[in-house]
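In what follows, chain A forms one complex with chain B and a second complex with chain C.
Presenting the complex of A and B:
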């Protein structure tokens, strides 16, 4: 019995409380407010909107766990998307074959990873602040992308890419399948691999981790490389969804990904945070905006409500810890 | 008995500070139990006790950092408080010089001394002229001249100590606490500091002195308050007191420590270091450690002990000299090479370098031997639990859950986990750098019992400590390091503790 409780605890962790409660609150509120909320349509729209933001949030999660940040995620995603777009165009555009897509995707992943490797190297060796390093990369990639596309869209892709953005497999949207596969991969990476273990340790205390015989520089470079590669996956999905690539696509997602991590119980200073609670937090954010949409609220208002929700969760978390402390004090 | 000693200790002079019924509890542990304490105007009073006996807690209550349990009374200069606040304490002339000094190395001497008095005045502009004048006056009172415009980092630790005292005096101090002020000073620097303390006392400032060096405690103070396990043992006049008597009072037991040294000359050499140098840190160091041998290295802070250890551990590179492990010369490019070769290093700074405080006991224990808990390329919770469980049992660590944060453990238990973390890497050579820092008296003996057992099992051990008795009683040989060089080598069976202490603290 106690082992089951412990297993559940280790699987979800204390980070689950915040997003779990928010999930229940959102489902209950809108379920009562609007009869159409608890319907297949709502969950369908969530399922299609979730992956883009979700993949970018996964890309943001790893650097945050090391106590860093990757502000270049959206531009890395689009530069990777552009890489794929150019490979497709060079191979006939609308008539390009699956071979060109595979080649382009591999190159896109390499470009994304390269962006991460460069940031990782600079952060690991100069110990410059990750915000500054990734901000530089963000500005560099935006400038480069605007220069190469002259600020416009790149479009005209083969028809077989359509399903990757809009199609379903056995009723499940394909982007969602890709996203869930990535969630599982990240969960395995963080909870079972040496790299994941070291990621948490570095986030809590880099020097103590180095003194323990961990190659902290290598870990940081690998973490940012994986973050960049995840951006590339997001870039490929966005390409398929919009049927075009533009360097500024999804720019507004940047800070939402940071907030989604915090809503999912990730420690803003690094060292603590799990994938599954972050996944639930993302679902909550999407349900919230779909729900508001359903009751007729303006889309911009939905964004504002996201902000309120996140601020509310922070306050609640503070109050909860405060109460816990005073409770323990009284007990002793 | 307590009242009697108060009476004999010095007339009926009214105390400047008088504490009654001080109780303090941290997370279920009673740090102070009904403690009383008083200080007379202008006296030098020593607060004695082993680590963890409640000295710092008491100081923090007097200076308003902590609030004692209800029922406490703090009488200071004619007024009674139920608790102090930091602002009241400072306004009323209570100052503390912490062991780490709490100074700003990048700022000038003048800024360090005078910023508290100059800041917060109206108009809200910094008057550098006034600042420099205040600093010069304060230093002059101590009979010291320093360049007040120089950044503090240009000065050595002894001068920084004086700057910290000068800062305390600026606030028109009437009661100054000094926490281990001589820990990193040489004998002549210590003598100078003691002169300054005498001067303060003569000018009417009461000084409460906290120090491990019992000789200087007896030399400087007029009365000694002894605490043990958070309770008051008694207040004693310094005259007629001896070092061994204070030790007995502090530990509550007559000292029966015996020298554990044995000859290991018949054992094979594990580590052989020849002419190792890193200019500015240590020079021409040669030493050997044999299987099962514990080599003690002692010396003042800054003698180059930790730098030497970090070089043996591959985290610093020597400019010349050789290191050989079991007869094979090694050249480490990182501590990963050293760990692979069988060298382990327990850091002197457990809080920020030795353990990852927010993370769990289990994760801290396995971090250096992750390869041992892999199953099919992935970390196995089952193997991790097994490994951690075995070491926890083997070293007698008292824990709740393996998943609890390591910071929830006491110093002694944390240190056991840190030792276990290194033992899990199967080392041949274990370097213990100040392994009893922040560990209670009772737990220290337990740590050294573990060290003795490990040596008996064949591990080569280097034990570094600035507390000479620790290496004297627990090592087979003792090296004395000063200014980066090995200047003495002793056999505890042939030398007395006083002889080595005399050399080290000279």
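Presenting the complex of A and C:
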């Protein structure tokens, strides 16, 4: 019995406690409050809404683990989306073939990564605070996008893109499949690769990491490049879901991604945090928002409840760690 | 232990908060997603939706996203689909973004009604409370009446690139030209009406330059306010008439002092009522037919090809109505 508990513990880690309990609380509360909540339709709705926000959260997660932040995620995603949109338009718009889509997606990923590389280089070499650097990048990309599109939207895509945003494969929404694949990739990156290990090290102590012979600048650039590429994937999914690209799409997601990371137990100062708890935190946020919609609550109330949830989880975590410490002290 | 208590407390407080709102009704639900929640325009619309819903015994409610991001509207509509509503109403932020999700709703057998988005793809019907010609002509007619059918007038628009304002101006100018040949347009139209100060200074310049100027027609939320202030400053109240659509709350004082003679708008509360009325009609399986009398819309002449119902249900803003409209927070 205790071995199973231990295995679960090591698999999910201590960060899982907050989001896990919140998940149970939300499911129970809404399950009681609304008979429609525990239905296939609700989970279908959640499954379709989760991916775009989730992909952006993954993009936010890596920089936060290094003790930074990437405020440019939504605009990077849309600039990447615009890249794909233009490639599709240049190749016949509605009649564009799969080849154009593949080419456009590759270019979109490159554009996203390039935006990350620039941020990474500035952060690594000037040691300016990531908030400042990514804020500049965010303003730059927003202005660039508004200049290039005149604030309007680009649309007219081939029909085969529709399923990427709204289709299902064996009953599972395709955007969700993409998202889950990305979650696994990120989990693998962070738990099994050298880059992942170095990411945690930098977040814990940048100077110590550098003195131990790791090229921290390279790691930071690589981290932001991956964050940018993940934004591009989000941008491609958003293009398919919204049937158009406008530089302001999904603007409101920015702070929610930060919220999801913290709710998932990621340390705001970097160094600690895992992918799976963040995933659960995202599901909790989405269930909460869909649940409140279901019972017909005001949308502003939903935002307020999100804030309360975050504050609540922070308090819980504080209490939990304090208890643990005093418990250990007593024993020794 | 403390964690458990806290979680339990959180859960019960959530349950209490939500159970008050959770009353499942079998008769079809109507959900209306608007551009953004918590602003006066859509608060008035929500009041209309609620009142009409109560009257007809329909569970009708409004969903107001926390920002005007089209992505949030898509999410709200997906939740409405999951909730199993019978009718979805939308005031779109971005017509194209909503196409796929509205099509999805229609595939599930949900009736889709839109407002302020003519010829929306994926909608069963779109309704408008003001046509661009009707709106422009109403202003042109009122100006001509105030000016006694003769004299010079100037036209402001929000910007020369705002299609709607220019369509209104076109209609007003054409109407005046046709019916009141003694009235003359001064200069071309001026793209200043989204800026109070620009409207005011342009109006002051025009008053100086054209001694025979008797009227301003300003399409754009700030135009009538700016021109009205200019008229007040030059003590020309009663000689120069200012007309146009504006926010009643903002222009109340100027209307009371006659610096602004009036204008027209459409009533968001009425739009909210129409959402529910139309939803009720369509849920019952009735069709919208040519010449139908629909409450809130009057006699309709639907455009069956583009699925538009466009009527002119204009609300005059003048000395008598401005206080009530302002009290609604508009």
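Everything that follows uses one rule, which is that the second predicted complex is superposed on the first by the 315 of 332 C-alpha atoms of A that agree within 3 Å, B and C clash if a C-alpha of one lies under 4 Å from a C-alpha of the other, contacts with A are read in each partner's own complex, and residues count from 1 in each chain.
Here is the rule we go by: a contact is a pair of C-beta atoms (placed from the backbone, for glycine too) under 8 Å apart; a residue touches a chain by one contact, two chains touch by 3 or more.
Note that the coordinates shown come from a computational prediction; the quantities given were computed from them, not determined experimentally.
Asker: Just to be sure I read the superposition right, which of the two partners does A:57 touch: chain B = first, chain C = second, or both, or neither?
Answerer: neither
Asker: In the overlay, answer first, second, both or neither for which of chain B and chain C A:272 touches.
Answerer: first
Asker: As a test of reading the superposition: which chain, chain B or chain C, is in touch with more residues of chain A?
Answerer: Of the two chains, more chain A residues are contacted by C.
Asker: In the superposed arrangement, which partner chain does A:21 touch: chain B (first), chain C (second), both, or neither?
Answerer: A:21: touches chain C, not chain B.
Asker: Check the residue A:227 against both partner chains and state whether it touches chain B (first), chain C (second), both, or neither.
Answerer: A:227: touches no partner chain.
Asker: Report for A:192: first if it touches chain B alone, second if chain C alone, otherwise both or neither.
Answerer: Once the two structures are laid over each other on A, A:192 reaches chain B alone.
Asker: With the two structures laid over each other on chain A, which partner does A:207 touch: chain B (first), chain C (second), both, or neither?
Answerer: first
Asker: Scan A:242 for contacts with chain B and chain C and give back first, second, both or neither.
Answerer: Only chain C; A:242 stays clear of chain B.
Asker: Is A:297 contacted by the first partner chain B, the second partner chain C, both or neither?
Answerer: In the superposition, A:297 contacts chain C only.
Asker: Once the two structures are superposed, pull the chain A residues common to the chain B and chain C interfaces.
Answerer: After superposing on chain A, no chain A residue contacts both chain B and chain C.
Asker: Over in the complex, which chain A residues touch chain C? Could you list them?
Answerer: For chain A paired with chain C, touching residues are 21-22, 24-26, 28-30, 32-36, 39, 41-42, 44-46, 48-49, 52, 153, 155, 162, 165-166, 238, 241-244, 246, 248-253, 289-303, 305, 308-309, 312, 315-316, 319-320, 323.
Asker: Can you tell me which positions in chain C touch chain A when the two form their complex?
Answerer: My answer: residues 2-3, 6-7, 10-11, 14-15, 17-19, 21-22, 24, 37-38, 61, 63-67, 69-72, 74-76, 78-84, 94, 96-97, 99-101, 104.
Asker: Where on chain A is chain B touching in the complex?
Answerer: Touching chain B: residues 10, 188, 191-194, 197, 200-201, 204-205, 207-215, 271-272, 328, 332 of chain A.
Asker: Show me the residue ranges of chain B that touch chain A in the complex, using the header's touch definition.
Answerer: Where chain B meets chain A, its residues are 25, 27-28, 315, 334-336, 338-339, 345, 347, 352-359, 363, 367-368, 370, 374, 378-379, 381, 403, 421, 425.
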